[in-house]
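Provided herewith is a single structure, encoded as C-alpha cells, for subsequent inquiry.
Which chain is which? They are A, B, C, D, E, F, G and H, in the order written, and residues in each are numbered from 1.
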Amino acid sequence: MKEEDHLEEKNPMEDLLRMDRIPHIWCPGCGIGTVVTSFAEALRKSKIDLDKTAIVSGIGCTGRVAGYVKLDSFHTTHGRAIPFATGLKLANPELKVIVFSGDGDIAGIGGNHFIHAARRNMDMIVICVNNFNYAMTGGQVAATTPTTANASTAPYGNYEYSFSLPYLAEASGATYVARWTALHLRRVAKSMQEALGKRGFSFIEVITPCVTLYARRNRLGDGLNLMKYYYEKSEIQHGADTRTVDISYQGKLIVGKFVDKEKPTFLDCMNEHLGKVLGDKYKSYGVSHE
Amino acid sequence: MVYFGDLKEKKGKIHIDKDRCKGCKFCVEYCPKDVLEMSEEFNVKGYHPPFIKNEDDCLYCQLCETICPEFAIFVTLKKEEEEGEKGESRS
Amino acid sequence: MKKVKADPKGVLTGAHYLDGDYALAEGALAAGCRFFAGYPITPSTETAERFSERIPSVGGVFIQMEDEIASIAALIGAVWGGKKAMTVTSGPGFSLMMENIGLACMMETPLVIANVQRGGPSTGLPTLTGQQDMMQVKWGSHGDYEIIALCPDSPQECFDLCIDAFNLSEIYRVPTFIMADECVGHMHEKVVIPPAEEIELVERKWFKGPKDKYLPYKPDKDMIPFMVKAGDGHRFHTTGLTHDERGYPALNAEFQEVCVRHLVEKIRMNADKIIKLEEDEIDNAEIIVISYGITSRVTTRAVQQARKAGIKVGTIRLITVWPFPEKRIKELAKKIKAFVVPEINYGQIVREVERCVEGQAPVIHIPHCGGWVHDPDEIFKAIKEASK
Amino acid sequence: MSEIRFSGFGGQGIIRCGLIAGKALSLFDNKQATMTQSFGPEARGSACSSQLVVSDDRVLYPYISAPEILISMSQEAYEKYEPELRDDGILLIDKDLVKSKPSRGKIKTYSVPSTRFAEELGNRIIANLVMLGFFTAITRIVSPEAMKKALPGLVPGRFLELNKKAFDKGYEYGKKILTEEKKPKKK
Amino acid sequence: MKEEDHLEEKNPMEDLLRMDRIPHIWCPGCGIGTVVTSFAEALRKSKIDLDKTAIVSGIGCTGRVAGYVKLDSFHTTHGRAIPFATGLKLANPELKVIVFSGDGDIAGIGGNHFIHAARRNMDMIVICVNNFNYAMTGGQVAATTPTTANASTAPYGNYEYSFSLPYLAEASGATYVARWTALHLRRVAKSMQEALGKRGFSFIEVITPCVTLYARRNRLGDGLNLMKYYYEKSEIQHGADTRTVDISYQGKLIVGKFVDKEKPTFLDCMNEHLGKVLGDKYKSYGVSHE
Amino acid sequence: MKKVKADPKGVLTGAHYLDGDYALAEGALAAGCRFFAGYPITPSTETAERFSERIPSVGGVFIQMEDEIASIAALIGAVWGGKKAMTVTSGPGFSLMMENIGLACMMETPLVIANVQRGGPSTGLPTLTGQQDMMQVKWGSHGDYEIIALCPDSPQECFDLCIDAFNLSEIYRVPTFIMADECVGHMHEKVVIPPAEEIELVERKWFKGPKDKYLPYKPDKDMIPFMVKAGDGHRFHTTGLTHDERGYPALNAEFQEVCVRHLVEKIRMNADKIIKLEEDEIDNAEIIVISYGITSRVTTRAVQQARKAGIKVGTIRLITVWPFPEKRIKELAKKIKAFVVPEINYGQIVREVERCVEGQAPVIHIPHCGGWVHDPDEIFKAIKEASK
Amino acid sequence: MVYFGDLKEKKGKIHIDKDRCKGCKFCVEYCPKDVLEMSEEFNVKGYHPPFIKNEDDCLYCQLCETICPEFAIFVTLKKEEEEGEKGESRS
Amino acid sequence: MSEIRFSGFGGQGIIRCGLIAGKALSLFDNKQATMTQSFGPEARGSACSSQLVVSDDRVLYPYISAPEILISMSQEAYEKYEPELRDDGILLIDKDLVKSKPSRGKIKTYSVPSTRFAEELGNRIIANLVMLGFFTAITRIVSPEAMKKALPGLVPGRFLELNKKAFDKGYEYGKKILTEEKKPKKK
C-alpha cells in the first residue's frame, strides 16, 4: 500500500489486468506477457465497452491469460475455449468475445472447434499464441512445431509436418487472418484492434518465445534472443496468399495481415434466413427489441 | 517498492515497479533512445531490474510499457498523447 | 430461492400426443430454456429436432455443434452468458461429455443434460433401450463431485421432470441430468402441458450487489453462491482449476478442501430436500421393489400380480436416482423381508441399494441386458421367491 | 386392454397410423394409448410397424406381445407379424397388396383395397388414411370423430381435407362390410 | 443354395463383399451401394493384395461400409475412424488402409482427426461419402449441408456456411484430393485406384444421394433423380484450385482430381529423420528386416 | 495361455533411480509394448517422453496424437494391427477417453491405459495427487462392461504392474488400467528391472486355424475368444455394435444378452484369478485397514504406530482394485471389529467396502480432498477410535 | 431366386439377382444400350426388379454392375476383358 | 530416517541435486531414498525445491515435514524454507546468494561460495555440484563415492569430468571447514 503512495499516476494496466494476481506465472523472458500488453493496448485504443467484453481461454501457459485480464473471463478446459465462447456469444450477442489461447489448445486438441467456428463465421476473435510447443506440460511436440525442432516428445527432433494456421483458418472460413511475432508490438495491437472493430471470425497468430522449454531445448538462447530472432526472421507481406506462409524451423517467417473481408456472421445469417422464411413471426435474435 | 526515474518536469514520466521485474531485458534492449539500463542490484525476486539512465532522452513512446511482459513499466503522459502510433518504427 | 411463473411464450399449454423426446423439448421451453446446443444421436435426436423447430418463434438459439464436447462446452458458455441451457444425448455422446461435465460442476454452472439411454457399451444397440448409464452419470467424470439425476417413466414425466431439473440446477448451481431411456424417449403418450401461470420456476440466483463486489464462489447462507452473467460489468473470473471464492486458481490442498468439499456437500447435505420418491403400499410391505424409469411401469404390472397372489409388496420408484435416497433405504431395510431391484443393466443402482441395506435384508437383483424391458413375470417370480 | 399393430413397408405412413389412432384415443376418446415403433437401420426399406397398447388405465407394459388387431399393408409385414396375432384376433389387410393365408383359430380377416381407393382419390400416399377409416369402422375401438379430430398436426394442412375423405372412404367401406357381414346371418 | 446352382459364374463381388450380410441396410435408391461397387472395382483393378488391405469406418449409413466389404474391416466409433486407422497402419505398415465414412463422421465430429492425419501425411485413403446430411440419425444438418437446404435440425433451411472438403483437405496437407458424384462410377473407381497406388494421405469425396432423408426433405425426388441431378450439376475441372470448389445448394458441382502430389509419409519422415539423427543405431521401422 | 520370455531388446535390466512415470514406460517396453499413442498431460507426460526417447532403439512407434480420443482410438487400431499398445493420461484426458474405452471393451481389445491421478474434478489440481478416478475407471463409459484396474504404490510397482497389466489384458482380452497417482508417478525411487529371461509374458491368444474360419467373438473354453491381426488374411470384421461371434452387428436383445453378458462375466467369473491383494497380519486382526496406491504406504506408518499402541490391526492393500475383492471382504467382515478405509477422495472405494461388508462391521472412511496424502496420525486416530 | 437373361452365346452374360433388387432403376436408366427394363412383377421384397429386354444389344460394359447399389446385377465376360475402361462415356 | 530439502531458484539444478543424492543413496549406498519435487506453474521462476526422504527401510511417508538438512541456494528459497528446518538441523547455503539470519536452536549453518567456485571452474551451471560436494562432506549422509557413481546419466556426458571437479571442490571445502570446526575445540 505504501508503495502506491509514491505513484503519482496509476499503472494504466490496472483497469485491464487483475493486478491482485500479478506476478503472473509466466517464466522470466516468456513472451506471453508482451502479447497481453499488446492486447491491453488494443482494448484501450478500440474504446469498446469493457463491461461487454469477455475473454475465454483454454488450458496452457497462454491459457492463463483469461485469469489476468480484468474482463469477464473464463478459464475453461483444454481445447474447448472456442465452443465455450460460441455459447457465451450466442447467449449474449452484445458481448465482444475474445478467445486467447495456445497453439496446442487451439490447433491441437481444439482443431475441430477452430475450423467449425471459422466455418460458421462465429463472431469472435481468436488470438493464438504460437510458441511452437505444448509449454505448460513441459515442452512436448505440437502440430505447430517446425519440422526438425526438438521437443520433449520429439527428443531426436520433430519429423512431422506442421500446420500453417493462417492457411487452415482461411480454408475454414475466417474473415480476418493475421500473423505477427510478439515483438511486432504495435502491429499485434493494431491487428487486435482491427479485429475488435470487425464482426466475424478473426484469427491472429502471434509467434512468441517460450524461453524455458522451446528455446532451451533448441538452444535458441534466452527470451530476448528468441524475441529478436523471430522478429528478424520475419518478413511483412500483407495480403500474402496463405498457402505460402508455412513456417520452417530456421526459415523465414512471413507475417502480416493476410485476410480481411466482410461476410455475415452466424447470427446475421440466422436472423436473415429465419426472417426470410418465417416472415414477421420471427423476431431477430440478439438485436435489442426490448 | 516502486522505483521511478527522476522527476524533472517532462512530457511524461516513466514508472518502473522494480519488484515486478523478472530481468528479461526487453525494455532495455528495445528502448529506441537507450533510456533504460539493467541495474546491478537484485530485486526481491533475485532479478536485476532496469533503471532509468537518462530520462532526458526519453520519447515517452511507451514501447517499454508495451514490451514488458511483467507489466512492470508504465509511462504516464502529461498531455493525452496515447492515441498516436509511437514507436511504430519498432513494430 | 426466487420463484417466478413460466414465460407463456415457451409454454405449449394443452393436451398433446408426444413422445418422451418431444416432451423434453417442451419441458425445456416451458422452463425458460432458450439455448440448446446438441449433436444428433439416436434415440435422443428428436428433442433437438423439436427444439430447433420451436425456438425461432419463442426467441432463443438452437445450434448443432460439431460434436458433443462442443455442445456441452457451448452450454456452459451460454449459461454464463445468462441463458438457461440444455442438451440431450445418449451413451456415446454422454461419454464424450464427461470432461466438460466436470467443468460445469467445478464452475457451479446450472444446466440440464438429458441422456436418453440406449443399449451399451460402445455403439451397442443404438435404437433400443437400456438403463446402463446410471452409474456413469454419477462417476463418469474424473475427480470428486456430486450431481442430481432424475428418471422419468413417461413422456408426461419427461415434461414435468425437465422443469424440475431446471429448477434444481438453478437452486443448487449444479448440472442436473434427466436419465431417460429409449423406451420412454420414443413412446408416444398423452402429455398435458399446464398454463404458464401454473408452472413455477426458480429464478437464477442473481447477484444484486455492487459490480466490483461479486464473488462467484462465495457460498451464501444456503451454501449456494450467487450468479451473474457476462456483460453485466462484474468483470469476474471463473476456472476449472481449484479456486478460491473469487474464482482465482488456488492450487493447494487447503483450497481443494474448501472448493471440492463444497461441491460435494451442497448436494449431500441437501439430499433430503432434493430427493423425490414415489412410494406405494410401503407401510406393511414385506417386499419392496425398487425401480426407476420404464422399469417401474413394468414393475407395477408385476406387483399387481403379486398383490393378487397375496404377497405384501410395496414399491419405491426412484424419481431422483442421484443423490441416492440412502436414509430412506436404510430406514426401510430394518423392517423389510427383502428388496427386489429390477433394472435394465447388469447391476448398477442395486449396488447402492445393497450398500444402504447393510445386510439387513436380502437384495435381489433382476438384471436385464438391454434392448427390451423386463418380462413382468420375471419380476413377479422374483417377488414370489423373495417372499418365501 | 388392447394391443394393435399397424404394419407395412416404409413410406406407407404406418407410423402415422399409430400416431393418429394413439392421439385420437388418448386425447379425444378418454383412453390411454401408448404408441411405440421400431427404429434403426433394420426398419429401413423393409417391414415397418407401429404398435399401440390401449387401456382404460395407465399402460404399464409398453410393448405388444400378442395383438388382437393386426393391420398389414404389405405382404412382407403380413408374413412377419401374422403369426403373433391372437387366435381370436382381427386382421385387416390391403386387398391388393396382401394375399392372406386361410385364417387360423377364430381370427377374423377383413380386407380393403386401400391403396386402390387412395389412388382413386388421387394419391397413393393416403392409403393409410383409408386403412385407418376401415380400421375405425371394423374394430370400433376408437370413434371416427376422435380420429378426425386427431388429424390436424399429423397430416399436412393443405391435405387435411383429402385425408379426411380417404378416412371416410375407408370408414364407409368398413361399415358396409360389417352390415354385409350381418346380412348373411339373416339369411 | 439352390439358386446358386443356376449361376454359371459367381458374382465377382463375392470375393470383395460379405455376401452373407446382403441385403445391406441402405434404403432403396441410396447411392452408398454404388460407391461401394466403384470401390470394389478399384480394389479389383488395382490388384493389390486384399489380405493386406484393411478398411475402417466410423458410424453412420456410410459407416456401415466396413461391415460389407470382405477385408479386415473395422466399424469403430463416430468420428474416430481416422485415428483408429492411424494406429492400425502404424502397427502394421504393410497394410493398405482405407477409411470409408460419411461427411458427418469425417468432417463433423471427426474433423480434427481429418486435418491432423492430412497434416502428418499419414499413409491412408479417406473416402468420404458426402450426402449433405447426418443420414443415419435421421437427416440432421451437417457441416456439409449447403446453405438453405433443409434438414431435420434446420427445419427452416440451413443458415450455416458449409465446408469445402477438398479445400480443407489440401490446406491440411493431403497429397491427393478428388471429388466426384456417385454417378461418375468409373471415375470414382479410377480415383480410388490411383489413391490405392499412391502413398500418403489421399482424400476422395463422393457426392451421393441420400434418398430417404435429404432428397425427401428437400423434395429432390427419388434416388435416381438425385443421382442424375448431381451428375448434371457437375463440371469436371481437373486440377481446379480447391479454393474455388465450394458447393452451393442448387449450384454447380465442381468435380475432378484437384491435387496429386508426392510427399514423404509420416513413416517415411520418421524413418528418414531418425536414421539421420541416430545413425546405424536406428533400424527403419516397418521396412522388413526379418 | 501361452507364456513367453520378454524380448531383451525392450528390457533395461539393472537397478535404476526412476520416478513412477518412467517406470511405467520401462514396464511397457519390457512387456513388449511397441506402440504408444498419447497426448501430454501432467502428471503422466514423463511416461510418453521416456517412451518417445527409448522406442527408436527398441523398434516400434511413438506418436503424439491430436488429443486423448485419438490416442485411445489409435491404440485400439494398433492392437488390431498386431502390436501391444499403451497410453497414459490423467483425469481430463481420461474423461475424454471414456467413449473409446467402451469400444475397446466391446471389441475385446487388449491394451493398457495408465491414469496418473491428480486432483479433480475438471482441471482441478494439475500437479498434485489424488485418487479420485477410482470409480470412474469402472463406470466412466456408458453401458455395462467390466475392466481390470491395478494400483501401484511405488515406482518399482509401476514397473511390475505394468507387466502384469499387459499380461492380464492379453489373458482376458480386456482394457487394463494402471491407476497410479501423482505422488507415485512423480516420486523417484530405486527400480530394479530383472533380466529379460526372468520376465514372463503372456502371448496374445493368436488364432492358428484356417484363415476363413476365424470367429473373433467365439469364446474358447476359457471364455476368451482368439485374436488375429489385420493383414493375416482372415478378412474378419469387428464393430462397436452389439454383435454375434463373427463380429457382425446383431441388434436385438438376444444378442445383447450373449455379447454383453460375456463381457461382464469373463471378468466377474475370473475375479479370483485376477485379484491380487497384499494382506498383512490379517489373521487375528480386530481392525483391518484397506487402502491402495500411495495411501497404503502412509497407512503402513499409521499401522505401525497402532500396533505399537497394542491394537490388533491388519492391512489389505488392494493391488487389484477392479474387479473388487468382494468375496474376501465379505469373508473377513464376519470376523472383524471394524474396517478403516483411507483414500484420497470423498468416498469411492469405501462404498464397495460398505457394500461387501453388509453391515457386519462398521466401515470408517477417512476422506482426503487431494493435493496431498493423509497425515498418518489421522489414520492412526481412526484406527484407535475403531478399536474402542 | 436368381434371374438371368437368355443364354444365347455372347461375349458375356448378364446376371440379375432379382430378389436382391430394391427397384432403384439405376441400371435401367444408365444402361447405355437400353438393354434392361423394369418388370411389372414384384420380388420377395415387394420391389420391381429389372429384366433383360434385349441382351443382343448388350455391350457387356458392366456399367449396370457398377451402378447397382444392391450388388444385384453382375456381368460375366467370356474373355478377360474387365480391364478396359468401358462405359467411360457415362462416368 | 532423514529428511533433506534442496532449494534455490529455477535453473540452478536443484532437482538434479535431489536426483543425484537420491540415486547415490538408493543404488550405491544401500539406503532407501525417495525423491519428490514441486511441479506446476507455481514452481516456475520462483523458489524451487526437491526433497529427499532417506531411510534404512522403506520410505512410507513420501513428503518431508521437518527436514534436518536444508540446502538453500537462493535468498527466496531460504526465506521460504528456513522456518521448517528442525531446531537441531543443518543448514547449507551459498555464501554469496544467501544472507542467513542468526540461527535458531541448535541449527548449524555452513556456507560455501558454490556459485563463485563454479564460475571459477568455468560455468555457473555447476554450482549445484559444488553444493552437492559440500553437502556430502558436511552431512556424511552419503558417501562421496556413491555420489560420483551417480553422476553418469544425470549430467551430460561431455560435462561429466567438470561436474566431478565441481563436486570435489565443494567436498574439499566442506572437509576443510569440518576440520577447522574441530580445530577451535583444540584451542
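Convention: a residue touches a chain if its C-beta (ideal position, glycine included) is under 8 Å from a C-beta of that chain, and two chains touch if they have at least 3 such contacts.
Not measured: the values here are computed from a predicted model.
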{"item": "Steps needed, at minimum, to go from chain A to chain D via contacts", "value": "2"}
{"item": "Chain pair with more C-beta contacts, A-C versus F-H", "value": "A-C"}
{"item": "Rounded Å distance between chain B and chain H, as computed from the means of their C-alpha atoms", "value": "39"}
{"item": "Centroid spacing, where centroids are CA-atom means, of chain D and chain F in whole angstrom", "value": "56"}
{"item": "Inter-chain centre distance, chain A versus chain G - centres from mean C-alpha coordinates, in Å", "value": "58"}
{"item": "Residues within chain C bordering two or more other chains", "value": "42, 56, 66-67, 69, 92, 99, 103, 122-123, 126-128, 239-241, 251, 372"}
{"item": "Set of chain B residues in contact with two or more other chains", "value": "22, 45"}
{"item": "For chain A, residues that touch 2 or more chains besides their own", "value": "26-28, 59, 75, 77, 109, 111-112, 116, 136, 143, 156, 270, 274, 278"}
{"item": "Residue ranges of chain C in contact with chain D within the complex", "value": "15-17, 42-43, 126-128, 183, 186-190, 294, 297-298, 300-301, 372-373, 376"}
{"item": "Chain E to chain C touching residues, read off their complex", "value": "59, 75, 77-79, 108-109, 111, 134, 136-138, 140-141, 143, 152-156"}
{"item": "Chain A residues touching chain B - in the complex, by the definition given at the top", "value": "3-4, 6-9, 11-13, 17, 19, 22-24, 26-34, 36-38, 41, 44-45, 183-190, 222-224, 227-228"}
{"item": "Chain G - residues contacting chain D, complex", "value": "22, 44-46"}
{"item": "Sites on chain H touched by chain B in the complex", "value": "9, 45-46, 74-76, 97"}
